[in-house]
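What follows is a pair of complexes built around chain A, which joins chain B in one and chain C in the other.
After this line comes the complex of A and B, so read on.
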């Protein structure tokens, strides 16, 4: 009898649906059916057992081909790359569990690496705004139970977060929102008339790159000031109308996406969005939330914050103190300046996402990809180490876009012999310690010279 | 396991009434034993030193989502404020230290048990992940109940038995320790941008008042017989004139007696009392009302309190009292983070600067110290800074110094810009009392352990208890004339033995014995009504599935379970 596994978390987007039902074949080797998931989530499960998987690490040969090697050899290779590099970069982590992120941080600290995650090229500008202005937010269930006004600004969940609107924002009936969609006003603000805009009660086609001005206008109106006839391509009357809706809401949530943090203004757009949320809280209740992309891209920000106090762009190369300075310690900037001499691509695809010049620089040095699948990064790597797919073959904790931890399950075993990210990094860490010990025995320790250290008491 | 003999120290153990006697403490297999029972022990020479049980912190925000927001959104709390690495892991941050720094620093101060003050139940996997990464110290975490929809509904209908069954279920689901109540009703009202400032303000929709929530939870707690009592953060925190609300809250405990098998004698622990003892009607004329509050506390044995001492640092405030943090950000206009948690609670985080140049801060400083110095029973009055709200826990040694030395208080007061007005508005200048080491041991180990109901394991040095022993290089027979020396000694203990393992030596961490997660497992009769309510709320109102809500066993790390059986 095929077995049904219920309450399965989905390893696709930041919505982190945890209501999937997955049917597994008799022998536990094949995924037969996935219920409740969106088309993309569905595909991730079917892909796991649908086609050929990489089952062993693959090492690049002089002729350019890949040769399969054992995990022990791969761990040794990876540890040696880290050990010999002056400034390795370990990047990615959008698609793995927090246990893996914690283990990777241990490796990065031991190796003196730069540790960064996909926020660096995504919601990193949100972090900059949050550092400056805070983050008045809530969990998604709050929005579902209370919100009567929803704003999507520069976000298109209809495509990027397929079940966001039905689970949390527009359609669900919550405790104080028994009428569901009918009891809510939906405002979509976007330069493009997206599929999300189609379900909006009010759609404002903001002039591209002028989001900041529109926020400014809303703030001015909310605070009782005059505004010009047209701002950012939107007529004054319409701004007044929307501002009035915002102010009269019982509970509202602004969901914003890449449209704010990757168009002109970037972190400043997010900053003023937060300021508008703050202002509105003088009148009623408003919250704001970043539409985080991958299912656990919120994870590294959480894990590394409790471990080091910084969510991304962590420079651990000083070995005794962590340092964060986006622009200086961010992955793409480091790569563009050709400052790193080894690269780990973990649970993401820097080959596809980074600017080509950055990729070219990184390619000059050892490039190791840790990922269950073949992707652009894996195809240009010197070493590709396959790992189990989190949420399908490996359980663990992931953080939803609202920072709520979701406990993911395993529905099938990984292909025979394939290990988890966590185990891989633990083994690399162990090997690194051995290498250091070997070197210490030879009397060539790389550690900093003995000397007077600054008194650190603040 | 090896044996240890801690020889010739001056032992202070209030749980056994030992007041500085020269004694030997024996340690075998992780437990305290009679010194004579050892065969061939290693010896720690504690001659001329002070020996106490490992410290116990009853209220500190060290792990969980709001703590982590504080870390995440304050990079400036790391810059130039983090010490260089000298243990296994880097130690980052000042007011909201990383998990590693938290564990190491508590150990260096001689602490072994820290009770996380507020766990949002929905976020319990996060709390337990951070507990895993906090080395050395044992942790417990209290889920918050005071704004929980289940609790509000049951208590409105006076269904104590159902509320008890739900409480038992939630403690197990989150692997929690006890009943925390933060701004009862007020944080639910904050869901609509409102608050409950007084204990009789009705909670919107739920139609119950904070007073009924607190009384109902006390009844629930004693019905279950939990190790710890209700742990209350009162309504109307931090506002001038709030002492009357605090007195109202304290009076809610009247008529209740403790019922438990853990040696606990209070029915209500009121936390960070400093924030709740203000007179006046604005920050211009704010004044201390500690006397009224402490007169009440001194006269009522069924209440314990902790200080919430302001340390005059730049710090990060964080509380499940969402409306308060919103109020605070309007005051200092700094960045503000907020997290409302569906059906359960809220939280806010705002940086804050307590400065000797600001009258509000110096009045708060005085109020906190007055609480301890006016206390007639230091087994019921505990040392905290409500870390990191009134200051980071790493300032405990300084707080101890202020409590032990009038000269230290005077030296600090000399730095106050508004000294005269601070003296005018408080009683601090008229108090000459200086606490002794026995009283410090009461406030930092014996008392909190007893109030938490764990005094059979922690907080004392009787044979059979955990071998958690702190040795401080302080000779009670010739105390240093310079108070700064006291601060130094308590900040870096000479030795810390944790679970029988030498963990700190000369103020440096030398080992990392396995830490534990302490939780309370309550057995209650099957309750179909509550099971159905849980099922319904998860079906309709939560954003996660019921089966994914309870902590998976694999995410609970090195548990120590305290069992309570109500079915007997």
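After this line comes the complex of A and C, so read on.
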């Protein structure tokens, strides 16, 4: 009898749907059916048992081919790379659980590495804005139960977060929003007329790269000042109309995406969006939320902030001092400037996502990929270590886009012998400790810097 | 004044972090002691002398110590960080954080500098003959008190995010400025003698900005209030006076609302 597993979390996008029902074959090895998930969510489960999986780590040979090696050999190789590099970079964590992230942080600290996550090329600019300006946010439950005005700014959930609108924002009937869609006003602001814009009551086609000016205009209007006839391609009358709707809302949420984080100005686009949200709270209740991409990309921010005080771009090379400054310690900048001498790609695909020059620089040094699947990064690596798929084969904690932690479960076992990210990093950490002890025994302890403070006067 | 000359003879593989290269750290030290100061290449700590040859001893105090850097310092960060007195001359270009958190003294860079130079600056003088990267005289991430005092002068152009959260001091840019000048500013003065790309004075509360050339994309939150004559950087000129950012909060002083001023040259 095939078995039905209920309340399964979807390990794909930041909506973190936790209402999936997965039917597993008799022997517990195959996924037969996935209910409630959207098309992408469906795919992630079927992909796990659909095709051939890599079951052993693969090491690049002198002739360019891959040779299968044991996990012990892979752990040893990885630990030695980290131990010998002057400034290794460990990057990724878009698709793993918080347990794996904590274990990786232990490794990074031991190895004196730079630890970064995919926010670095995604919502990292949101962090910078939040540092500068705070985060008047809420949970998705509050939006669902209370919001009567929803703004999607530079975000296209119809494609990137397929169930966001139906679960939380536009369509659901909540406690104070019993009429669902009928009682809500939807405003979409985007340079492109996206599929999300199709369902909007009001659509503003902002001139690409000029969101900051439009926010500034909204803020000036909200404070009762005059603005020019046209701002960022939008007519004054329309700005006044929308500003009026924002002020008259009972509860509003601004959901924003890459349109703000990745157009000119980046963090300042988010920064001024936060300022507008705060201004609107002089009139009514407004909140703002980043449309975080992957199901647990909020996780490393939560885990590492707790461990080190910073969510990403952590330079741990001085070990007892964590330093963070995106622009310097961010992965792409480090790679472009040729600042690192070893690269760990964990649960992401830097081969596909990074600029080609960054990849070329990183390729001069050892490159290790940790990922369940074959991807561009795994194919250009020196070592590829397969791990179990979190949310399908490995359980764990994940953080939803609104910073709510959810316990994910597993529905099947990983392929025989394949370990989890957490176990892998724990083993690398252990091996690193051994290498350090061996070196200490030989009397040639690596210069372990004690801090970056200037020498005191004699 | 005694001069210590550092010449980069053995370049590092990765970038060097040279926060110890300040008159404060060199003062009272002989050349050999200076060569023994720490620099970092990633997690590896080494003596300064591994990369630089050191000639001359430091003065008795920081104020009596001058440091001259020769050779390609484009891969050396943090020169003159937190210095309080004395002088540094960099004969060529240098990397990030030059003069960061500087409190006094003078740094003269004859080439270009990269990003984050003069961040969190409180006093002293930073002169750059070439261009500067982004975040010149800006605040460190998440810090709402940016540049507090001192003077930064860049002959060439600068990147984005100049003087973010500035609340004191002066920055004079000979060339153009990329987007975001004095964002969140609460004081201080920025002079852009070339053109500015846009977002000049966004979310600004107080302070002054002068732009001699054009602003490609002016912000809607700034409003023209008249024309004035002002003396800027030693010369008198006429400017159009705008106030803003009207979208931002503004304090009231003696019954009058205080705005940030943006002057564009006529």
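By our rule, the second predicted complex is superposed on the first by the 446 of 458 C-alpha atoms of A that agree within 3 Å, B and C clash if a C-alpha of one lies under 4 Å from a C-alpha of the other, contacts with A are read in each partner's own complex, and residues count from 1 in each chain.
As a working rule, contacts are C-beta pairs under 8 Å (C-beta built on N, C-alpha and C of every residue); 3 or more make two chains touch, one makes a residue touch a chain.
Remember, predicted model here, so these are calculated numbers, not experimental data.
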Partners on chain A (chain B, chain C) - clash or fit: fit
From chain A, separation angle of chain B and chain C (C-alpha centres, steps of 10 degrees): 80
Touch count on chain A, higher of chain B and chain C: B
Chain B versus chain C as contact partner of A:271, first or second or both or neither: second
Contacts of A:319 with chain B and chain C, given as first, second, both or neither: both
Which superposed partner A:341 touches (first chain B, second chain C, both, neither): second
Partner chain in contact with A:112 - chain B first, chain C second, else both or neither: second
Which of chain B and chain C A:210 touches, first, second, both or neither: second
Touched partner set for A:61, first chain B, second chain C, both or neither: neither
First (chain B), second (chain C), both or neither touched by A:167: first
First, second, both or neither for A:175, with chain B first and chain C second: first
Touched partner set for A:70, first chain B, second chain C, both or neither: neither
Overlay on chain A, chain C to chain B nearest C-alpha distance, Å: 6
Contacts on chain A seen with chain B and repeated with chain C across the two complexes: 131-132, 319, 324, 454, 457-458
Partner chain A, residues of chain B touching it in the complex: 63, 65, 67-69, 71-75, 77-78, 80-86, 89-90, 92-94, 96-100, 122-126, 129-130, 133, 149, 190-193, 205, 326, 329-330, 334-343, 349-350, 540-545, 547-548, 551-552, 554-555
Residues of chain A touching chain B in the complex: 6-7, 9, 18-19, 98, 102, 106, 109, 127, 130-142, 144-146, 167-168, 173-176, 250-251, 278, 281-285, 287, 301-303, 305-311, 316, 319-322, 324, 395, 397, 399, 403-407, 453-454, 456-458
Residue ranges of chain A touching chain C (in the complex, touch as defined): 85-87, 111-112, 128, 131-132, 210, 212-213, 215-220, 222-223, 225-228, 231, 264-265, 268, 271-272, 275-276, 279, 317-319, 324-328, 337-341, 446-449, 452, 454-455, 457-458
Sites on chain C touched by chain A in the complex: 13-15, 17, 19-20, 22, 24-25, 27-29, 33, 37-38, 40-46, 82, 96, 115-116, 134-135, 140-142, 144, 160-161, 165, 179-180, 183-184, 198-199, 202-203, 217, 219-221, 223, 245-248
